[in-house]
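Given below, in the form of structure tokens, are the structures.
Both complexes shown next keep chain A, but they swap its partner, so chain B is in the first and chain C is in the second.
Our next item is the complex of A and B:
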């Protein structure tokens, strides 16, 4: 991939996705712009229903049959994923872009040994079976599975939750992908194991030189792992920027509220935890103006009538909010 | 200060092998101790948090309190009665006084029943029929901050936060004295999480409830509980007031847990992990101090002798040979 070091691994521009339902079209993603630079970790944060999963599924072209991409493009290095043919997509999935899912138990096949599942991924390679097994063993060692050689004959249920997630990460990296998508990879794990998995991802990113798209609603993990952060709300990217900008000087009221609500950030013990009042809007009938305005405490004149364009705070920090209009 | 519940030396065992398997393997003792020598108490109107990794036995402790599992030893005193020795008739009425909120809110609601009938289910089970059903259902659903219209909805139509609220309404329907909440905020978004916790707190004040909250979410329990018990391999390794434990953890495991919580600030990234490895198997408990296999401070003594529980300040107990002296450790927890 050395020729592409300056080209972003993923470049999404103006992506919109609708789902056709009986009640009408659900506008799940609207005008999303996002780039994942080479060898960087980009975090996507947002509450349930904000379009995180739709975004991932669009990148891998795994959207449900009632979905349609109404505008935009997704470029992987120099090709548009949206124009790829099925054989090209097969080449992409699992090989150039791979994925670690939320629940490692459902991601692994319970009736096939871990070693077999790992070598099966290498079906594209022409190496001998022994060479493939060796590679699988090395990967398992790299993610910290003790006695990798013996444990390759074990089934997924014989591993603990943390070990299973390590195996999933090892599998995702078997083909040396350019992009690893991690969809809430630690929600099923305890804090101690979560810290270990995050640590592992950091180490592996450096040794494999791949980019990571890390999707989570845990702000602490995003701060720990990511270089850049994208904040999504109700199908829109409301703010994006470097991790320091975003956590230290958030510009969008939603980002600010989200940070205030995190109990890990509240210094004093309190009886009343902060919340964001109101609900996520119905994505079939969108409110005019800013999507966050019905719940926003600092809304003013233009917010409820026209959608805010993207304002530039600094080179990497962009926000969709009229409050940032004057700089 | 009266305790509503006090547990003394509780032990819960699970059988691992059947009789035939155990005979073939000549296994004299085909059991594991999921909970061992647990002593703790809950003050009336207060909240105790039970914290530990998965598999540490915290849910088993919660379940043994309402006798969903039978204890193998020790006593569980609820007010003046030993729950371990209650008859099945008494147990049925006990479960009016102690109610449980289960882990997965959607899975704990029957998918074929409406919210209205789910909320009234506790009354049916306990044969309470002299109530105005419609009015009661409305009262309860409004108590948890949902609209009456939800009474006709089915569980799949609810969001995670709404299903949680229905779970709270069901748990509180019969005016219990003690509520056991198993992971009350698992799977909820941060903003919704705050709403549920505020609701639980408000109801506690209004109705004088006592809570036992089982969780591994340390930032949440910090704001919700008065006392905290840290569980490791089925044992309480540290117990005390939440404030003291968070500011001055005495056990290395507690320190490890606290420092494992990621901080939402990129300036506070951790270079090194304090807690490596995983929970050892219950069938092969380590010798000596059971935490020595993962403890960064372990010395030879820790491998051989089990630590005895010591009171390092009033009502603060820790099981460690070398507990951190008070006010020396500073943890980076926001």
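Our next item is the complex of A and C:
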């Protein structure tokens, strides 16, 4: 992998995805650009339905059958994932890119032992069964499962939720992937477990030297774990930049409102949590101008008529908002 | 686990006892005196009384019941009213025929039905799925005796592929097998359709679950995902259904045995009911109930073997 240190692990450009439905085409992703540099953690944040899952599923080409990728490319190192054949894709999945799912309670097969599910991932290896089991045991120990050797023979329901997510992380790292996609890995866990899992991810990222795509709607976790942040709204990337930059000087009104709404940032005690008024637009009939304009408090003349292009705030910080037009 | 098996066996015995109680009361509630029917209108009251004493019909109901159960435990099912042969040996000779027929019917259902269900679930709404669906529903809808009659006409009368009636030559397993093909097909075909539909539905449900998405995200081979990761879960409702379904197959076997003039419990009990030969009826129903209870027990044990969550709660 050392040759690729300067090449981003994932380079998505101009990606658009439609879903064919009875009502018409849902334009779930539109012109998404996203880069995941080597050994960095990129956070994707946004409301439910903003296209986070579609983005992830596009990277692994696991989109539902009614989805079609209408434009763009997703480059993994030097190859375009969208042009890969099925065998190439299977080679990619789990081996070069792996994934930790949102709900550890349902992510593991309930009728197959944890050890078997882990060693099954190594089906491409020619190692002996014992060697594979040793590898699985080592991984379980690394993620902090006590008595790993014995517990390999246990079934998922015999583990707690936090333990199961640790197992999922261990599985994701079995093949030493270049990219780990974490899809809201702590949403289903309580707060103490959440912190543990985040620390575990941080630790493992350093020892495994992999990039992480961390999807969450928890801004605090993103701030803690990520190097860069991508803010998505209704299928578009509205702002992206370094984590410090973006959280301290958010340029897009949506990002600003999102940060205001984070309960952890509210200083005065209040009976009413702030919300963003209005709702996410229908993705079948898009508004003509800026996608956020119907809900935006600072909208002005061009916003409702033409979509904003990407403005550069600084080298890493980009935003799609006319407010940033003049620098 | 052992405690669970013991509990389940106890339950199975209970089921058999209750079934016998129901059967015995049914016999008592049926109008007509068994002795009168058995001996004919010209029998003297003394002959009838002697018959009643011989069959234990003079005793109170509950005593008859307890006695019957006690005899069953010792393997004594009474004697045939007509031939005076022990019922246990008469039934014992017929059980293997029915058992073979039922198991082969089950075999059709499992060997054809489950793969059909898997196929149609791999690509839902494809033309394979639609054709399989159409055939399955037709197979469920057509009564087994119609299939029996028409398969006889087609494969035996017209094509002459299979023998028509009987159980085949005793010493010739191949001949016996050939005699089983059509009857078992007749009773099993409906179940082929049933299983195909059920397996399809539960496969589709399982395929949508998160752990299958995860297995896909790990690039596991499709065959492994379908036949190991998904089927091991999706088969559970089928196993439960089959446990009960053996009961249906057993009653289907009655038809098949009559249409194909095969020996077996069904035909034996049918003839015995016609001649009010109560010991045979009781014995036949007892054996059928035991088979039924055993099959539900086996299906529960298979479920426990497949699903660790079930195993744990035992």
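Keep this in mind: the second predicted complex is superposed on the first by the 327 of 327 C-alpha atoms of A that agree within 3 Å, B and C clash if a C-alpha of one lies under 4 Å from a C-alpha of the other, contacts with A are read in each partner's own complex, and residues count from 1 in each chain.
By our rule, a residue touches a chain if its C-beta (ideal position, glycine included) is under 8 Å from a C-beta of that chain, and two chains touch if they have at least 3 such contacts.
What you see is a predicted model, and the numbers here were worked out from it, not measured in a lab.
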{"item": "Combined model on chain A: chain C and chain B, fit or clash", "value": "fit"}
{"item": "First (chain B), second (chain C), both or neither touched by A:106", "value": "second"}
{"item": "Greater residue coverage of chain A in the superposed arrangement, chain B or chain C", "value": "B"}
{"item": "Once both complexes are placed on the shared chain, angle at chain A toward chain B and chain C, C-alpha, multiple of 10 degrees", "value": "70"}
{"item": "Which superposed partner A:198 touches (first chain B, second chain C, both, neither)", "value": "first"}
{"item": "First, second, both or neither for A:71, with chain B first and chain C second", "value": "neither"}
{"item": "Which superposed partner A:247 touches (first chain B, second chain C, both, neither)", "value": "first"}
{"item": "Which of chain B and chain C A:298 touches, first, second, both or neither", "value": "neither"}
{"item": "Touched partner set for A:274, first chain B, second chain C, both or neither", "value": "first"}
{"item": "First, second, both or neither for A:155, with chain B first and chain C second", "value": "second"}
{"item": "Shortest span in Å between Cα atoms of chain B and of chain C, once chain A is used as the common reference", "value": "9"}
{"item": "Footprint overlap on chain A, where chain B in one structure and chain C in the other make contact", "value": "none"}
{"item": "Residues on chain B engaged by chain A in the complex (per definition of touch)", "value": "53-54, 159-160, 187, 189-195, 197-198, 201, 216, 218-220, 222-223, 242-243, 256-257, 260-270, 273, 275-276, 278-279, 333-334"}
{"item": "Interfacial residue positions of chain C with respect to chain A in the complex", "value": "209-221, 224, 228-229, 232-233, 306-309, 312"}
{"item": "Residue ranges of chain A touching chain C (in the complex, touch as defined)", "value": "60, 62, 89-95, 98-99, 101, 103, 106-112, 120-121, 123, 155, 157-158, 168, 171"}
{"item": "Residue numbers on chain A that touch chain B, as the complex places them", "value": "47-48, 160-163, 187, 190-196, 198-199, 217-224, 243-244, 247-248, 257-259, 261-267, 269-276"}
